[in-house]
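Some structures are shown below for you to check.
The following pair of complexes shares a single chain, subunit A, combined with subunit B in the former and subunit C in the latter.
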Partner chain A sequence: MNFKHKYFFLFPGLFVLIGILIFPIIFVVRLSLSGWNSYNPGLDYIGLENYIRLFTDDPRFWESFFRLSFLSVTTVILQYVIGFALAHMVWKDIKFKRFFRVLFLVPMMTTPVIMTVIWRTFFHESLGPVNDLLSVFGVAPKWLTDPVIAKFTVIIVEVWQWTPFMFLLLLAGLLSLPKEPFLAAAIDGASPIRKFIYVTFPLMAPISIGAIIIRLIEASKIMDTVYVLTSGGPGTSTETSSFYIFIKGLREFQMGYAASMSFTYLIIMIISLTIIAKVLTKVLLKE
Partner chain B sequence: MDLVANNLSYKPDDQYHLNEVSFNFKEGNLYTILGRTLSGKTTLLKTIAGLLTPDSGEIEFDGKNFLKVPVWERNVAMVYQQFINYPHLNVYENIAFPLKQRKMDQSIINDKVMDALKSVGLLGYEKRKIQELSGGQQQRVSLARSLVKNAKILLLDEPLVNLDYKLREQLREEFKNLFSKGLADETILIYSTTDPRETMELNGEVIVLDEGKVLQVGSAKEIFENPNSLKVAEISNDPPMNIIEAKISDNNIKFEGINLEAPQHLSKLTEDGLKIGLRSSDIELNENGQEFEVELAEISGSETLLHLKRGDTKIIVSIEEVLNFKIHDKVKINFKIDRAYAFNADGKLAASPFGGLNGQN
Partner chain C sequence: MKTCLTAIISSLMIFSPMAYADKWSDQFPHIKATGDIPGDCSYEKMSKKNYKGKTLKINTHAIPVMGEPTALHAEQFEKLTGAKVEVTHTPAGDLYSKAMVPFQAGQAPYDVVFGFSNFINDWKRYLAPVPKKYMNSPEMKDVTKSHMGVSSWDGTMYQYPVDGDRHYLKYRKDVIDNPEMQKKYKADTGNELRVPRTWKEYAQMAKYFNDWDWDGDGEKEYGSAEVMKKDDLMFAAFFSRSVAYAKNPRTPGGFFFDLETMKPNINNPGFVEALTDWVEATKYVPPGGTNFGLGDEIGSFGGGQTLFSFSWDDAFIAAMQDDSPIKNKVGAAPLPGADRVWNRVSNSWENQYNQAPYIVWGWAVGVAKKSKVKDMAFDYLCFFSNGANHQADLAIGRFGVNPFKNSDFDPNIYINSMGWDPEIANSYTQTLLDMEKSNNRVFPLRVPGVFEFTSAVATGTSKALAGQLSPQEALDEVAKEWEAIVSRVGKKAVQDAYAVGVKMEDNKL
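On to the complex of A and B.
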């Protein structure tokens, strides 16, 4: 199609894109090369100083980054396994199928921040119902103040909140699978378990990859749960990258430095998600 | 090892899919289930395979209650009318699938798969993806997958119906070769089809099925020569047998002002409401014959099918050459009346030119 004014028709879309995406990214890059902070708000030029500080003198950023990697990978794996199990359960003809399909989606319909407040109340160490129940057994885990347990509390809340999303994607995937290979597999002597391993799971591979990548992107932004549940504490033991960048940028107003962290984080995420997608494709699709 | 069924019934909605079906299939034989679409053929095969549980009735195989055996332990193979394969596996892996389920040795699997590929003519296609194959090749893969298992019961559910004419002819020829080549020694082969010609060519024991009911069982020749009812005569002929409402009196068959001398096997029938059945191939064009009007002329392959009308009587004539006719043309035809069948008012066979039932008895 060769049409004289074709670029003209691209402008509205391009204009929006420039406004909301391309300009902000370029501005962040420029900002990261400045020393903008609350004493000295302005776009001066300090070269790579922020980046040098980030790479040589800020272990807290890298700790929060690895913590984030751990949290997001763990939560997504758990969401995938639980989501797949639930989807597989209501995919088959069972009683009250419709009821369960809706029930499993309920967490997704709630407001994450409000739900996290409720979870915080649940896990409150002296007044919460969880420890109230556990006191019967004489234990009282420090859900929010123990550096190790607090991480798992974050994981529990994240998994509860977002498994329904995984469930929904995987159920849609299962329902779209052709029925014939399952007929063939039964006749070919595959027991239900082998049918799952050799037919259902490989047929679901493309959908699984999509669902995992979407959830990984979402999970790598874990912030609201941490903010409400533990505020990154105790100490920095549940602090994630986005939360740390938020503290540096919007609490301490080290705008230039926060911009350099954001940009570094963006590059790392693009590279690692590309690698993850490639690896998943290779492992699951054998291509 | 016989496969015996007693009074199988399956009625998932207000219609019977299977209605008191019984049979006794013996190993080493080929059984053809002939019936129109929705006659219950697929339901019957699925019941044998274990994909459906009948509402009532029993199936026994080798003296054991087959209904209690789960599908994956039944050792049956099935080829469907849609080409069913595993879309995520290549040709080789598809055929190896049933063997892998039995945890066979890799080297044995390899030999068997190669043998199967050879017998369906797909050597060299091992690494291809299923989606890259044509319909005929896909059906060959699923056939190979069912052959490779050496299943005791091999079910073929209208395997040729979704293929084009040429491929159908070719595969049918290959089927015949495969079936005759020792494959069927200890296998019970069950083949369902809507096509009477296929039934004749495969030449096995035929079960005529309609609305879930077994209408007649017999060799292909028997069904062809002595269809026991109007229904069977319709199902087992393509185009369906012509049915003419006629009266027989004074040794004459009378309809639409036509008088034909009754052949010996029809001459003694006198009851009312008789229907005369005559195959479309037993009517020929003849200058000195009876005049009919052309309603439609269709050319099918090297045949011409003439739909003719005279008064209220409509008949189909097949002519072994390609001829052009116009609608409302008048043609003259001759009935080979000595090859006519007669059916009672209730549709039962009254007399056949092959002497199945005579007016006498």
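On to the complex of A and C.
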């Protein structure tokens, strides 16, 4: 068999890779160097003009980026803590274990946009059931119209929707842990808390890092929740990078500029997630 | 001639039910109130067309507003002509891009595209002009002058008229006209309770009637329902509040920009005064009112939750539907005015009463230039807005179809077909008619990259409503952004396009 034939067999995979991964990225880079918009459709060449505008004259992009960082880090931490607690709970032999395992996955199985519409109805300040119930206690939070509270409303919805994903990964991790360290800890008479701190948590560290990174990547694309729940408001208080890019690209049709934002955002995310992964590895896997 | 034609069409509309109701309304209950109404695209005429084997693809808004009548008339069109009609529903915010992306790529996945009338400048190069045979039809001759203008660009019609839009005031007639309430309001405030003539009066009344049960239904009511949700048409609500302070009939040459210099007017004291009022309005809207989109506004006023509302017809029509708790308890009036108006030439306030109607953009629909079934597409649009469908659609608030024909201003339509109180029907049609006749109107901004301009307004004003910036700071930010957009798009391109709108505002077109 001619050795060169291997390239022939590699070609389909390579073709798909170029088609669905490499070409879009190259096209976005090229698009970002053009002034494509609603009145000037076409790949003209304007050099780094879009990037100069982004770095020197668009504080809104950077504000939305820092807001996104806050939202994604907060939601992922909460998802991790709650997800770990739930996974730990159903890992043990409890009654209705199978029922709870399925129940905890339900939010993830629902369509995010539809669920967000339902949440928006819940949080509606004059017609929604949440404030109706809270009025018994004499409080009526401005879930969607207060710039600070609205951020936490987005966090609540995101945590509700995506904690099951974290739960699923962590449960799979827990189920794959070796039994010996736990037996040794039991023989030594370790309390449940010490067992968790010194055995379960360290053994789960590699899986935790993977789960956190996967969720951070996903959380950094928060879009549908913001779109449906608040449209980025009140003001710009819940506007995230992806929502802002969406506005510039598909609402205002500034395709070239939106492409420059997307590419910049991609680079920032690659760098920051790499750093986060390294830091997490160093901290959690120091042993 | 035109008046005569209008009278004939009106008469046909009113008296035709007896002649046609049985034949077509049995098959199509939607038109049971009138039956078929003779015309170029009536049910009778359409039934003679044969589009078997042909497919019409339509992109329209989500159900119900405009999406529901599109789908309904598509189904009727299929039954009558044998055509296959595929309807795609798209959220309002994505209508522009859903058509624009394939347009720019040289494709036509949809034969008919729904959008807003202010898309016209960006879309016109991809749309087929409305053919002469439709332009010369009696139905088209019945369209008001202002809506012919809104659908056309420099004399060529690109958008088929299916809806007419303007913003006006809606109020609870059972409160404002109630002698007991008037007495109580006078005793408590020293002012007259009447249909507000100015935005300041509007605010006073709205504050007074805020957060208490003034209609005795056991639930609290509020002052005003307004579209304040960011990016959800809020810019149009802001312009409605601005026209009184910033549209000065003595300073022609541009409401949004100074046409000569293309310097934005958006941060002049007139607009700032309007935004200051709007920030104040956050105190008299229902809880969560600052996150109200159009649907919320319709539900809130239409459901009897507020004293006032202003925007498109839909909230008023919803309030006047048979299932409404406040049917025949609401009134229509022109948008409030102001006791002073900004003169951008002399750079000073003129202390005299000013009121200006806002002929806001509305639903518009065009046929793709690259469509292979243009004849069928135009026939569908003509059928959509034929006399019978139009009258039936007008009666359903959630459809979002509003008056745009001269014959629509006959109050008898609303009294006879919809059971409106004659006084209310008269005030409604008179309000709309007065807007058509006004010489101090503001038309929507229709320039290249219009979404960039309106998006900047939405962002700036929403920052002010959220307390992130003062009204002046917010509008300064918008003006700076507008200047940057003009510079990016090209001053001449924006200026040339804006000149067309200014001609309409200055009554020269």
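We adopt the following convention: the second predicted complex is superposed on the first by the 284 of 287 C-alpha atoms of A that agree within 3 Å, B and C clash if a C-alpha of one lies under 4 Å from a C-alpha of the other, contacts with A are read in each partner's own complex, and residues count from 1 in each chain.
Operating definition for what follows: contacts are C-beta pairs under 8 Å (C-beta built on N, C-alpha and C of every residue); 3 or more make two chains touch, one makes a residue touch a chain.
If you're wondering where the values come from, they're calculated on a predicted model, not measured in any experiment.
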After the match on subunit A, would you call subunit B and subunit C a fit or a clash?
fit
Regarding the shared-chain residue A:P141, is it in contact with subunit B (first), subunit C (second), both, or neither?
neither
Once the two structures are placed together by chain A, how many degrees is the angle at subunit A between subunit B and subunit C, based on Cα centres and rounded to a multiple of 10?
150
Contact-wise, after the overlay, does A:E252 reach subunit B, subunit C, both or neither (first, second, both, neither)?
second
Does subunit B (first) or subunit C (second) touch A:G232, or do both, or does neither?
second
Partner, of subunit C and subunit B, that touches more residues belonging to subunit A
C
Of the two partner chains, subunit B (first) and subunit C (second), which one does A:Y198 touch, if any: first, second, both, or neither?
first
Touch test for A:G210: subunit B only (first), subunit C only (second), both, or neither?
neither
Shortest distance over all C-alpha pairs of subunit B and subunit C after overlay on A, integer Å, is 51
Which subunit A residues contact subunit B in one complex and subunit C in the other?
none
In their shared complex, at which residues does subunit A touch subunit B?
178, 180-181, 183-191, 194, 198-199, 202-203, 205
Write out the stretch or stretches of subunit A touching subunit C in their complex.
35, 37-41, 57, 60, 124-128, 131, 140, 142-145, 147, 230-237, 247, 250-254
Under the stated contact criterion, what part of subunit B meets subunit A in this complex?
49-51, 70-78, 80, 82, 84-89, 97-98, 100-102, 142, 145, 149
Flag every residue of subunit C that touches subunit A in the complex, lowest number first.
93-94, 96-97, 100, 104, 122, 222, 229-232, 286-291, 300, 305, 448-449, 451-452, 455, 459, 462-463, 465-469, 484, 488-489, 493
